[in-house]
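Pasting the structures here.
Each of the two complexes below includes chain A, the first together with chain B, the second together with chain C.
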Partner chain A sequence: MSNFSVGFRSTGAVQVLALQGELDAHTASELEAAIQKCQDEQQYQIVINGENLQYISSAGLGVFMAYIEEVREQGGDIKIAALQPKVFNVFDLLGFPMLFDITETEDEALTKFENAAA
Partner chain B sequence: MARSVHTKTIPSSTRYLDDVRQFVVTHAQEAAFSEDTVEQFKIAVDEACTNIIEHAYKGQEHHEVDIAIIIDPDRFTVRIRDEGEPFDRSKYKEPNLLELTQKRRAGGLGVHIINRLMDRVEYRTRGPVNEIRMTKFRTPPSTTNGTKK
Partner chain C sequence: MSPGMVAACMAIDLRAKLPKKGPFSSLGTRTKHIFLFVAFVVFYVLGIGYHLTIFSTQTPPSFGVALVYNLVILACYSTLWLLLSSQFKQRQAPPIRIFWTTLLFGIGLIGVALGIAQIGRVPGFDAAAGFDYETDVPLTLATVFKMNFLSLLEAAFFFIVLLRFRDLVLFKRTRSSQRNWYLMLGFILLAALMTFMKPPRQDEISFLQAITFVPAVAFMVINSFRLSWIVHLSFKEKMAVIGLSSLLLALLATSLGVGGDSLRPGVSLYLAYYSFPLSIFMMLSVIFGILYCITALLSLIFHLPTTSDFQRKTDEITAMHSLTHLVNQVFDPENLVSTITASPVEAGSADAAWLAVADPETGSLRPRIVATHNIAPALVAELIDTAAFYQEVLLSHEPLLLDQAPADHRVEARPGDGIGSLLVTPLVTRDEMLGALFVSREVAHSFEKDDIEAISVFAAQAALALDNARLFEEKVEKERLSRELAIAREVQSKLLPQHLPSYEGVSISASSVPAQEVGGDYYDFTELDDRRLAFIIADVSGKGTSAAFYMAEMQGVFHAVSHLAPDPLDFLTHANRALARSLEKNVFISVIYGVLDLEKEELLLARAGHCPAATINLNGEARYLRSQGLGLGLDRGPLFRKTLAVERIRLQPGDVLVLYTDGVVESRSPKGEEYGYDRLLDALAEHRHEDADDLHDALLADLNGFLGGTNQYDDDLTLVVIKWRGIELISAPSRRNGEQENAPSNVHPLE
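Showing the complex of A and B:
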């Protein structure tokens, strides 16, 4: 069975979700629950750290797509950081870089949130 | 090198997607495809099986999905069979990412991924059995001036 987990940590006003393992149709509901938790706590500045994300399918991508508009309407964003190249390729295949802020490092994403707040 | 065929049957549940990915990766690696190509098979087969589980079988877990890996000297084909609702290609529209996010929806991405990653995709229904065949050639089909497509 697919192994997937989401680690939560905060850096100032930003919620960082560290993804680990394989994100597919079986595990996508865990990502959904994590983002929903952020919404419920009115945390709209979210950085997804993909350093340990080994795999993603369209089910995982679909979760981001389902939440991005709402998060941005609340003045926040979901930034995606530190993706492994093979995982970034899947985002890229579907044109995600046009619509999502995808950064090389978590720090870059955090800085962007800071600059937006300033 | 003669044709070799490897088969696997899974119950129609997403908990088995990892098993299917491992199965495909093992044989694609053994057939000496590049790492990139192995990753492409991995996701294409995952997407196809997910669609069968969610759409052909409407999420019911008591059915079966049959996967066959067919390795020929010049190509690698994954054939997946189910006995659920056939995929109606006439109703398929290529996804527009912006439109989907505005509607808070996320459908049709799997088919798009399969079409982009595989060299050839064929659908067939014979009686109760639906079949998708996804193929990658060792040397991709070239255009008339010889450059890779």
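Showing the complex of A and C:
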């Protein structure tokens, strides 16, 4: 059974979801629930911190695809930060950098949100 | 009289009943019986001899001789007891049989005794005649023989009475009842032995003797109340036993009579002269027999009125139990529920019954009446609030009894509607309530504790049967689904190429294994024309049935669109649009699509998010073709086409192109390590000189070796190897092997 958890952190207007462990078909529902929670709380500015994310499968990637349209319609975004190289590679092969802001550090992502607001 | 003697005698008696151990028991039963019989005869004959000696000498015996004689008699009758005991041990006779066989024995033995008693009867003398007043010496030869035979007959009869009554007393064998029986025998024996070596005319009973009588009588009384066999008799049987026991009582009562006035003159007195202890034993036995007959008679008479009720109750319960077996044999759910509702009514335990089951279809716990017996479903719906009752027993998991059903607000019936008493029993198995059985009777207060018990037992069995039927259905369904999936697997395997294209100048090898019965991986080839071969490899995100459907769609798109728009950019753009409608938001497909131009000797290739193709040349220079491109389904707008790059590659002889899905590179070894991109390139480099088939197999072997040879894949796994041999094309018509008219004789490597 894969280990996975989502940590919530809030920096001003932006909700940071710190992912830990392996994101696959079994654990994808947890990330779904987390993003759903943000939506329920009208938090549409989300940064995914992948510093402790060890693995992601196509099911995990699907979660991002499932929510991004709605979040962007509400004027927000899901940005991805601090991915481990192997995990970044998975995003990169599929072309995710062309669809999402994938930054090296969390601060960069937060800055992007600020710039967008300005 | 020594205590040791007493102990020895009791030991003999007890050993007859306790499980035998030791050398004596190692002999066969028949041998034992023969041994006992011989011993008995020997002792008996010795006894006769002793009396004959006394008679002939007309002198009383010495103390020593008398002592020996008494011991011999005790031994003799102990063996007789053992013989008779083993005879009656085996047979567990019914009470009626016990009574009339005992009666018959009695009449027989006593009849013979009467006859013998008449022999040599001296008219005028009373029963004491025949023995000298002073010395107790027998005066006539007839006296000697009468004494010996009558004693034997009497002893035999009373032993039989005791043994037969034992079966009645121990009808229900428990530790305490057995103990009480043996104690009674023991104390009777003790009381009898108190008179050892005492002359028979002693009228005064010593204090010691009196003491031993008390416990004996106490236990006789205790055992007289062991009458559990009476309840099981039918009315007729009870009447018969009343008659028989009365007769037996009469017989026993008269045998107590001592003296010439009684029916059987002086028999008992002969016994007293023969052996005093023996006569005391017999007397106490007779008293017990009389006591038991009296208590049995009274009990029988008092039980007569309730016989029919008891019988009816037992019949009902038996019927319930037999129907319980029937319930377990029925598997078909419809049949089963109607059997369940019919059984209580047919057994006579209820007037009407219906079964309510929680309806799984509606999802809620709202019960549905699935079967009724002896009452119309419409009437049930009208009169009874089934749901309310169901709820109550659901919470308690206990039966619910309404002695006056119309009084309850959940029952709309009025007295006269046919619902007087109502019993609701839950069908519970594995802590889950499957349904509730409702049984009703016309009259109020008519369900007794026994009824509730019997119906509860039945309900438990019914619950098991329902559960089994359900599990059986589930199993059948599971097997059906399993078969369906197996069929799906076969159908999907037909979507993959059944034959790989064979071209001069190209060798191809490919395989695909789904992780489950069906999967989301796809590869295929199609001939665009006689010089161009289009190929594709695709991986639908996820696995299982949903991925398999998209894979099938991809296959359709490939075969249709590749001919119309063979250029990689065009094909993939069309494919992206075609699939956009059916792909769910979180589903995407990674694809590599390429065209092999055999005339131009070049390869056109585009990578839409898929694992980069590996390529290697003869020199061993290997690299991954990682061109830019989004996976299908990630963007349904112009961005897809804008960001998709196409690679054009010149083909050299010996070039190898390897297409694969992430199942290859992401497979983990037992240690948790991924196979990875580097190992793939290494293996490719190692085997690059081999033909496509061998190369393909070698790559798989390397992967399997890394995985520890388990051959268990977590993800769908696909591997395609395309090798460019670079053989010069000689003639235009058919480029295929087998149809070649002019086979090339040598290879021309092109620069």
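Here, the second predicted complex is superposed on the first by the 118 of 118 C-alpha atoms of A that agree within 3 Å, B and C clash if a C-alpha of one lies under 4 Å from a C-alpha of the other, contacts with A are read in each partner's own complex, and residues count from 1 in each chain.
As a convention for this text, a residue touches a chain if its C-beta (ideal position, glycine included) is under 8 Å from a C-beta of that chain, and two chains touch if they have at least 3 such contacts.
Keep in mind that what you see is a predicted model, and the values were worked out from it rather than measured.
**Student:** Which one hits more chain A residues, chain B or chain C?
**Tutor:** So, of the two partners, B touches more residues of chain A.
**Student:** Applying the document's definition of touch, where does A:S2 land relative to chain B and chain C: first, second, both, or neither?
**Tutor:** first
**Student:** Contacts for A:L93 in the overlay, against chain B (first) and chain C (second): which applies, first, second, both or neither?
**Tutor:** A:L93 sits against chain B and chain C alike.
**Student:** May I ask you to decide whether A:A59 touches chain B, chain C, both, or neither, giving the answer as first, second, both or neither?
**Tutor:** In the superposition, A:A59 touches chain B and chain C alike.
**Student:** Using the touch definition from the top, say if A:E69 reaches chain B (first), chain C (second), both or neither.
**Tutor:** After superposition on chain A, A:E69 lies in contact with both partners, chain B and chain C.
**Student:** In the overlay, answer first, second, both or neither for which of chain B and chain C A:D24 touches.
**Tutor:** It touches chain B, and chain C stays clear.
**Student:** In the superposed view, which residues of chain A touch chain B and also chain C?
**Tutor:** On chain A, the residues that contact chain B in one structure and chain C in the other are 25, 58-59, 61-63, 65-66, 69, 93-96, 98-99.
**Student:** Note which residues of chain A are touching chain B in the complex, please.
**Tutor:** 1-3, 22, 24-26, 55, 57-59, 61-63, 65-70, 86, 89-90, 93-96, 98-99
**Student:** Sort out for me which residues of chain A touch chain C in the complex.
**Tutor:** Result: residues 25, 58-59, 61-63, 65-66, 69, 93-96, 98-99 of chain A touch chain C.
**Student:** Mind pulling up the chain C residues that touch chain A in the complex?
**Tutor:** It comes out as residues 539, 541-542, 585-588, 590, 609-612, 626, 628-631, 633-635, 639, 643.
**Student:** Once bound in the complex, which stretches of chain B touch chain A?
**Tutor:** Contact set of chain B toward chain A: 14-18, 21, 35-36, 39, 42-43, 46-47, 50, 53-54, 95, 97-98, 100-102, 104-107, 109-110, 112-113, 116-117.
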